[in-house]
Every structure is written in structure tokens, then in C-alpha cells.
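See below for the structure under consideration.
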């Protein structure tokens, strides 16, 4: 078991944002969390990363309790994170953006080189822009860059917040292909989507979240026939 | 709610009564300190309308303090203006004009930029005061050589301290009460609530149809007028005005008083003024390295009780009530 | 009297650049802390003053020990660097508690520190101006167009440019520099990628401290250390960072040159305006381009 | 229009009153009106009643101060002889410079002659308290602190000798730093709270302007060391009773101009660098006015006015260097002088220009040989502590000072010492006349009547309460005995050459110069 979340409760400014959320991600799985905007997806990811301290509940990563750990500890322990707003560093070049997680882990020169080569093999397009400032590339490439940053250390788990949001259909399928390749290499993915189309084909399991509560857990097919889910996504 | 209000009113009345008794019960020097503090009350209330209610930190409020003082001294010297009421109105008017001009430029910016800009304006005014010797008396400043008429009454036969401790004291107390009540009405009005809304979330406030810049400007001008009136009252106590009152250290002192008392509470700054004046007197007479204590006090307040003394008192009150 | 003879221009330009180098070091200290921690660190003025006082104590001690004056510059640099311990102490001891507070409070916290340092200096060194035994003419003089300049001026200018270059190199090329830039851009994301922000804060504040103390140590052969020198320096550095744009290192270099040269020329041509001009430029810059010449949009 | 309708956005001037009525609901209007009304009423009552009682209660208490008729002056013989043998002057050839040669007094005990005479009414037993004010921080502090140190030494000496008429003396120190209102607050505190017998000290001109009138208002004896410009005080203090002023600010430059004409007769161009406040401006003006009397061709080519709180003169010195004037005039005192000389020497300013640094001697021990060249005209104000002629009191004091504070004393010590000595002598004299402990007014009256030994020789107050003193100035010289410069030759300019006689304006006085 890679990630276990149990009875998580999160409050912000007095409102209850996550209510008793429990979920789990197994090794080699691709798990998708789907829910409307404001349902609590980003808050959940940020809580896992340690940006937000939960009021109660536990988060376990590789069997180890990481509740209340600070983000950089969580990151070093082996969770890659790509936020929904990407947060590419404008002062760093594309290559430096990719390097950063390696540097923070004190990798030596050769390991850094190896990491970069790996990323350029997955996202060849990034290599051609490697000396450009991180923000001077197109939206799709930036999305790739954000994922590359999460990926470069080969973490045990990658959290992708709405990876397909705002991408052109062609980029979307290209990114989907890349993720599939990564899955084949044995990665574990936990991603979110705000609509049903954003759920990639290879998703093993799906959680649906609404108003901070998990209202469904299962596979995609069954989910589409679930009454609550249908209501939420206006399929009725 | 009603209960709290009546409680507040009760305490306020007791406080006023105490202040009214001060000249009769306190040793002369403490009457002097109380009087100085009273004159500073409009200054900090004005500052807090801008800082506590609108969220704009001015690091150049000394400008308006000096403006009020210089207006008073200038009119008294050059036009032998005697009526204190006229002098106060004139100070308010000059603050209105200057505040409108400076404010118009400053309110376009917020946060650190606002602080820097007001600081620069304060320093420019300071340099102007030093350079325009024929009007401002340069670094020597202007002296006020005679006592003003209070409500048209002539108290000039009184010796200096007797004049300050009796008629002038009560006059200042009266003015301060009026100004405080007015400020209270202002901040609890629709206007005051709009200011708070701007401070909390300016985008939301704009969406609600509040013209942010205009409201900030109003707040700036009101603040300037209050500070200037404080200066006009202070001028007769010091009877000597110098450019130092527009120097950034004076502006810093105003900020410190407000923080000390607590900017989140309407009455906080008023407490701050009294505590600051007494504390300064105590520390300065005790050790010569008083800056260390002041700096440390500032740090402790910021770190532990950003709401200042008033917040501390409320915490203690709640603690005992809760227990 | 001809208004600007060649020798006059030489004097003014050289002096201007010399002042600029010192101003640059101080304002660079402000910039690096503002860039990373988003705090306008008034304390850098106090560091400048402490650097000067400690520099004097240091150099007088070494000269008494019998070291040759030729090593003077080295001792000064040593003095500046030795004060780096102040950085982590203050960052952890004070600033650590105000990061989450409003900007105004952060500014006031550093103001409180300035007050404390001002009296600490008085407590340790007294209120007489302190003077080092290290004379400015130790390194000789340089003659040019019937005027002369101490070689030390050039050494300071070179040191400042060297430090500027090293800083640029550090920030652009080294791993710590990359981490610093990432933190300056986005603290949360850096954390999420494993950057230990606390360490970066300590590092940047320490660099800011050392820049201040170095500036103070380098100035002492030229002048005496007096109470209030820190506050005067901070006012000037303040103007520089506003003109430069908060957080911009190259802007600081450019703005220090502008301020230093302008001061030299204005003093010569319109002496009465000297005190005004800097503030007027600050106001003008804030009105026309509030983010400064090279500042990032915030 | 209905009541409670949403308020209109814009209000024209004409429609204002109606709209105002409609805008507020009746209830709101009532409550607001009531609030304002109540507040105004309370305020008016408080102000009125308080003011009335205040006026009434204090008015009748005004009782004419009891005046004590003074018996004929009964000073002892010795005292009279002292007043007469003070200064012998010797006119120097064409330059009209006078050199003072003072008779060395025997010991400090000279003024204690009167102590021995029996008193009719016993003196109070509690100690005499003095408020001592000076800058304890900032760049003006060095002079002030020296003065305060001298006060401590004086107090210890007097206490060891049994005090003033048997009363021990006690010093209460207050900081002069801060805005004027805070300084006045400290003065008031010393007077009404600490009930000190006199306030002695003060350095800044702005302090002097504020304290002069305050001293009169509070009827408190105030003896200033340094804090007076005559311009300001003529207006505010025409006829002082309690305030005692220091010598004119510009006296240093008057002396400086005289000696400049003597030492540097060939100069044609002058550049001035002075602090941007009245002290600095008065000094340059006086310097040029007097110098022109000696040498009408002299021209002022550059005036620099750095800000008083500044501590860096790099740009100003570059300008001075570029100006290439024959002479630099500066009235920098305290730490500013040290910094200026050091920075100026660093770029070789004194190689090209002579300099008249009329107050730099105030920090003489900080003017080290390695950055202060020989041949600069340096003024030491009223006291040059290394002056060659013998004067036991000075020697004793310098030794004591160096022993206690491990540094050399400067001129402010002399002002301080004189102020206290004068007060002591005045008390003793008044007591002698009256036969019981004198009032502040009586002491103040006697202050202008006494001549006392100070560190620089015998000194006194003029009848208009202005300190009289000679000024010591000379050329800097390196001596193997000290690590700082000494003055050689050193010349003293007597009081009557330093400031106009009472009642005369400075410019009218300058015209009387031959």
C-alpha cells in the first residue's frame, strides 16, 4: 500500500472542507479523484503534501504516518507533486526547473544528468527549450514541465492536480499516452479531474468527491450509473 | 449587544470623569503628561482610521502633525490669530488641502509602496521646513509667544503651567471627546464598514460597488485632518514647533503608540498613547539605553500580542470570564 | 570658474562610483532579503554600522599584534565575514516569528531591531566616533589629471564589483542559488519539490547580513564609525531599492550608480538641493513606475 | 419622497438639505443627532466648568513675590580682588588680536572663602539637586558627555570639600535626545517632579530656544553650556531672570576669521561646509563678514549644507576638492568634525586648500595624527586643555578626568565646570547677603555678580546673562607626546572680541571693526 488516507477532516476559515475522507492507493495503480470545482480535490492533495494541517485523521505513505509533516519532508520521502496552477518558476530555466528536485535531494552531477536524460526521453520537446525561462513556453509544454518536475526523482507516488485541464485535445491524448508509458514503467499515479472526460483510460479506480465527502468509490463504468454521481455531474 | 454598549458607555464616562479630575488629584508633572497624551489622541485616532480601518500603513504621518503645528504657529505669529477655535479650523483646513493632494497620489498604492511613498513625502516636507527659513524658521522652528483665547475667553493673566493645567486642559479634553465621539460615529457608519471591507478584501469590496480609491482617499483626508488638529492642540503645549515633528522618527512614534495600544480596537490607540507617554517617561529616567527596551517591547508586541494592550486586556478578561 | 573641467569631472565621477559601491553593497543586502523573504529589512543599516565598529576593533587588534598594515584589507574583509553569525541568530530568533504576519509588522520588527542595535553599539563602543589605525593612504595614491586619489578607493570599487559578480554567479550557477531563486518565485512549490525553505531563509538573510557588515568594514579606512551611521545608510539604501525595484539585484547595481553619481554632481552644481533630490527621485519613480526600474510586477 | 428610500448617489449642492433630511430615517437622524448633542454637551460642560474653576481657582493665588531688599554689597576683600585681576590683555601688532594671559590662581579653594563666615539661619540639610541635561546618544553626544563627566567630577570634589554651605550636591541626569516636546517634558519633570534647584547643561540650539522661555515660565534657573543662538533668544528672551545663555554661536567663527586673517593672509577664495541649521549658517555668515573686514578681496565660492544628521561627506568633499578654494571653512563640531577631516584628508583635500575648522577642537582627542595634517586652523572653543601656561585647576582636572574616563577632556568640560562653579559662588554670595538660604530668584541675581575660577581661568556672566569666555584657536601640530594633534601656536581671543556688546546687533557690531 502506497498511500492510505483515513478519516481526514480539514477546516479552513471556519468551514468544513474535507469531511471524513478515506481513500487508498496501491502500488502500480492509477487512481483518479473526480469532483466538481470546489469539492475539495486540491485541498486533499495539499493536505497530503503537508501544506494544510488536518484537524483530525491520518495520512500514511508507505506505511509511515506523515500527517503533519512539512511539504519538503513529504517530497523528500518520495511524493512528486504537480499543482493545478503548475507554478513553474519564472526565474529558472526549463532545465533548472527540472533539476530543482534533484538538487534538493543532493544528487551528484551524474545522477542529475541521468535524471535529465530520463525526462528528455519521456518529454523530448522539453530538451529543445531547456535554456528558455520556465514561463516562456506554451501552456501544454508547461504542463509537461510541471509533470516532469514531479517525475524526475522517480518518486513512489505522483500527485497530479488536474493534469488535463485546459489542454488542447491533441495535447491531451499525447499526455495520456505519456502517462500510460509511465504506468508501464511501474509508477503509481494519483490524479484529479473536475470532469468525467478528464479521467484517463488507464485509471484503475475512481473516487468521486462532493462537498468534501467521498460519495463514490469504484471503477469508471459503475460510477457512471451511480445515482449520486449522476446528480453531481448533471447526467440526469 | 445592548449590554456591551451600555457597559462601554459606563466605562467611558468613568474614564472621562477620571480625566477631568486629573488636574486636581495628580502631581503637576503627571498632569503635564496627561495633557500631552490628550493632544496625541486625535493623532493616533486619525492614524488608526487609515491603518486599522483601511489597512494603509503611513510612515509619514508626522507630516500632518507638523502641518497642524506650523499652521498654528504661523497664523499666531504673522496674523496674531488668537482664537483657538479658528486655529484648529485653520489646521484642519490646511490638512484637508495637503491631505487631498498627497493622498490623491498615495492611495493609488498599497502595502509597502504606500508606506514608502508616505515616508518620502514626510521627508520632503521635513526638508522643506528646514530650507524655507523665512516662513518656517528653519531648524529653529517657530515659537508661539502668547496664549490663545479659549472660546473667546482670555486666560492670559494665568502663569504658563496654570494656564495649561486648568483652562487649556479642559478645553483639550472637550475637543478630544468631541473628536473621539465623531470618529466613533464615522467608523461605525456605513462608510467605516466600507473601509473595513476594503481592508479585508479590496477585490470583493470593489465588486460590491465600493470605489476603493475614493474611499481610501476619504480615509486619508480624515486621517490627515485628525492628525493636524492633534498638532494644533500640541503646539500650545510645546509652544515651540520644529521640523523634527515631520521627521520619520516622529512618524514611527505614532505607529508605535497605535500598535502598543492595539489597532484592532477603536480605543486601543488611546490606551497606547497614555501607556507610551508614561512608559517613555519611566524608561528615560531609569536608564540611558532606553532604545533597547523600546525595541524589545516593539518586538514582543509584534510577536506575541499583535493586537497590542487592548487585545491583551480582552484576552485576560475572556480568560477570567471563561474560568 | 569653469563649471566642469576635466579634472572636476574625474573627481566627481570617481567619488560617485566609490559611494555607489558602498551603497550597492548595503542595498544588495536589502534586495536579497526582500527577494526571498519579502521583508524590507531595515536591520541591514545596523549591520553596516556594526561592521564598521567591529572592523575597527579587529584591525586595531591585529595591528597591535604586529601584523603589517599591508594585510589591512584582508582583516577588514575578515571582520565583515566574521559577523555572519548575526544572520542566523536574528533570522531564527526574531524574523522566524513574523513571516506569517502583515508586512507592516515585519517592517516594524526590523525597526525594533534597529533601535536595539543602535543602543548596543553605544553600550559597547560608547558615543565617541571610533577610528581605525589603518590609514587610507596605506596602499598609496593614484595621480590622474592633476588630482590624486587613494588607491584604496579603487580597491573598494573593485571589491564591490567583485562581490556583485560573485553574487550573480552564486545565484545563477550554484545549487543554493537555484534554490534561492525558486523560493523567491514560489515558496510553496519549492517546498513541494523538497526545498527546505528554512535553510534558504537563513542563507539569504546571512548573505544580506554579510553584505551589510562588509560594506561597513570596507568604509572604515575612509571615515570614522559614528552613532547614527546605520540609519543614514538605510535611508539611502532605501531610496536605491525603490528606484531599482524591490528584489532586483541588477537594478540595485544600476540604481546605486545613479544615486552615487547624482549625489556627487548635484552637490557640486546645486548644493542646496542635495537632500531633496533623492527623495524627489523616489517619489517620481514610485509615481511613474512603482515597481522601479527593474522590479518584477507584484 | 418616501422615508427609507434608497439613497441617491450624487447630491447637488442646492438639494443638499432636503436630501439629507430624507436620506436619514427619522430614527437614525435622532440617534445620531442625540449622540453628537450629548457628546458636545458633555464636552462643553467639562470644558466650561473646568475652565471656569480652573481660572477662578488659580487666579486669586497670584500673590506678588516677596522681594528682599538687599543690604549693601558685602563681599570679602579677597573676592573683590579676584574680580579685578582677571584678565590682562596685550594687543598684538596690526592684527588687533589679543592674547590673554591669566594669573594662575592658587587652588580650587579660592571661591570657598565665604564658606567660613557664620550664618544667621541654618541651611537646609537635604542635598542640593541639579538636573543635568545633555545628549547621551547621537553624533552630538561626545561634547555633551564630556560636560556631564565634568559635572560628576565637580560634584565629587565639592562633596569631598563639604558641599555648598554644608549641603551635599546631587546630580540627576536627563537625556536631551528626542523632539523638542520631549525635551521640554524632561525639563518640566526635573522642575516640578524632581524639584531640582537648577538645570544645567543642554547643547543644541533648538533646546536653548525652547528652554529659555520655559525656564522663565517655570521660574527655574537654567544655565546653558552651548545651546543658544542669539538671534532666536533676542526675540524670545529679551530680559531673562532665570535663563543663562552660552556665548554666541558664531563666536567661534569670529575668532576663526581673525586668526585666518593672521595665519593665512593670502587666501582669496573660501568654500564653506557647515551643518544645515542655524548654527552652521550663522557661523559661515559671521566668518565671511569678519574676514572681509580684514581682507575685502576674499570671495565665498561655494556653500555646502549637508544635513545635520548626516554622517557621510564623500560627495561634499569631492565638490570641495573640485572647487579648489584657497580655504575651507567648517563649523563642524562633535563627531562630524572627525569624519570630515578624515574623509577630506583621504582624498588629499588639505594638500590643495588651507582649512579653518573653527570648532573641530571640540573632539581634539579623536583627531589622530595619521589623518590630521599640520597647519590646519583648529578652534577649541573656550578651553584648550593642553594649553602651555600653568593653571593648577586645569592640571588637576585633566589628571582626574584621564584617570576616571581614560580619555582626554574637551571644552564642554569647561562650560560645565564654570556653570556649576558660578552657581555655587552665587549661592554663597546670596547667603552671605541675606543670611538665610536664598530663593532661586536671588541666586539668579547673584549669578551675574560672581567671577569664578574655571578650567580655562576666571570666568563670569555678562549682565545680560551671556557667558563670557575667551576662545582658543591655533594651528594643528604633530607632537611625539600625543597620538592626536596639538595646537601650536595657540592664541586666545578675549570675550569682547567674540560677540557684540549687550543690545547691539551683530551686523552693526561688525561695522565697528577697523
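The letters A, B, C and D name the chains in turn, as written, and every chain counts its residues from 1.
Everything below uses one rule, namely that a residue touches a chain if its C-beta (ideal position, glycine included) is under 8 Å from a C-beta of that chain, and two chains touch if they have at least 3 such contacts.
Since the model is a prediction, treat every value here as computed from it, not as a measurement.
> Looking at A-C and B-D, which pair shares more C-beta contacts?
Result: the pair with more contacts is B-D.
> Among the chains, which is located farthest from subunit B on the basis of C-alpha centroids?
Looking at centroid distances, A is the chain farthest away.
> Please compute the C-alpha centroid of subunit A, do the same for subunit C, then give the distance between them in whole Å.
That gives a centre separation of 43 Å.
> Centroid of subunit B to centroid of subunit D, CA atoms only: how many Å?
Comparing mean C-alpha positions, subunit D is 32 Å from subunit B.
> Cα centroid separation between subunit A and subunit D, in whole Å?
It comes to 74 Å between the two C-alpha centres.
> What whole-Å value do you get for the distance between subunit A and subunit B if each is reduced to the mean of its CA atoms?
Chain centres of subunit A and subunit B, defined by C-alpha means, are spaced 53 Å apart.
> Send over the residues of subunit B in touch with two or more other chains.
In subunit B, residues 127, 131, 290-291 touch at least two other chains, as defined above.
> Can you tell me which residues of subunit C touch two or more of the remaining chains?
118-119, 122, 272, 275
> Going by the touch rule set out above, which residues of subunit A reach two or more other chains?
In subunit A, no residue touches at least two other chains, as defined above.
> Among the chains present, which pairs are found to touch?
A-C, B-C, B-D, C-D
> Show me the residue ranges of subunit D that touch subunit B in the complex, using the header's touch definition.
It is residues 32, 35-36, 39-40, 42-44, 46-51, 53-55, 57-59, 62, 136-137, 173-175, 179-182, 184-186, 188-189, 192-193, 205-206, 209-210, 213-214, 217-218, 229, 232, 235-236, 276-278, 281, 307-308 of subunit D that touch subunit B.
> Mind listing the subunit C positions that touch subunit B in their complex?
40, 94, 97-98, 101, 103-105, 107-109, 111-120, 122-123, 235, 238, 242, 246, 272, 275-276, 279-280, 282-283, 286-287, 290
> Considering the complex alone, what residue numbers of subunit C touch subunit A?
For this pair, the touching residues of subunit C are 175, 178-179, 181-182, 184-186, 188-197.
> Spell out the residues on subunit A that touch subunit C in their complex, using ranges where they run on.
Touching subunit C from subunit A are residues 49, 51, 70-72, 75-76, 81, 83, 87, 89-92, 96, 99-101, 103-105, 149, 153.
> Applying the document's contact rule, which stretches of subunit B touch subunit D when the two form their complex?
16, 20, 23, 27-29, 32-33, 36, 127, 130-131, 138-141, 143, 145, 150-151, 153, 155, 157-162, 165-167, 169-171, 173-175, 177-178, 181-182, 185, 234, 237-240, 242, 244-245, 247, 249-250, 280-281, 284-285, 288, 290-291
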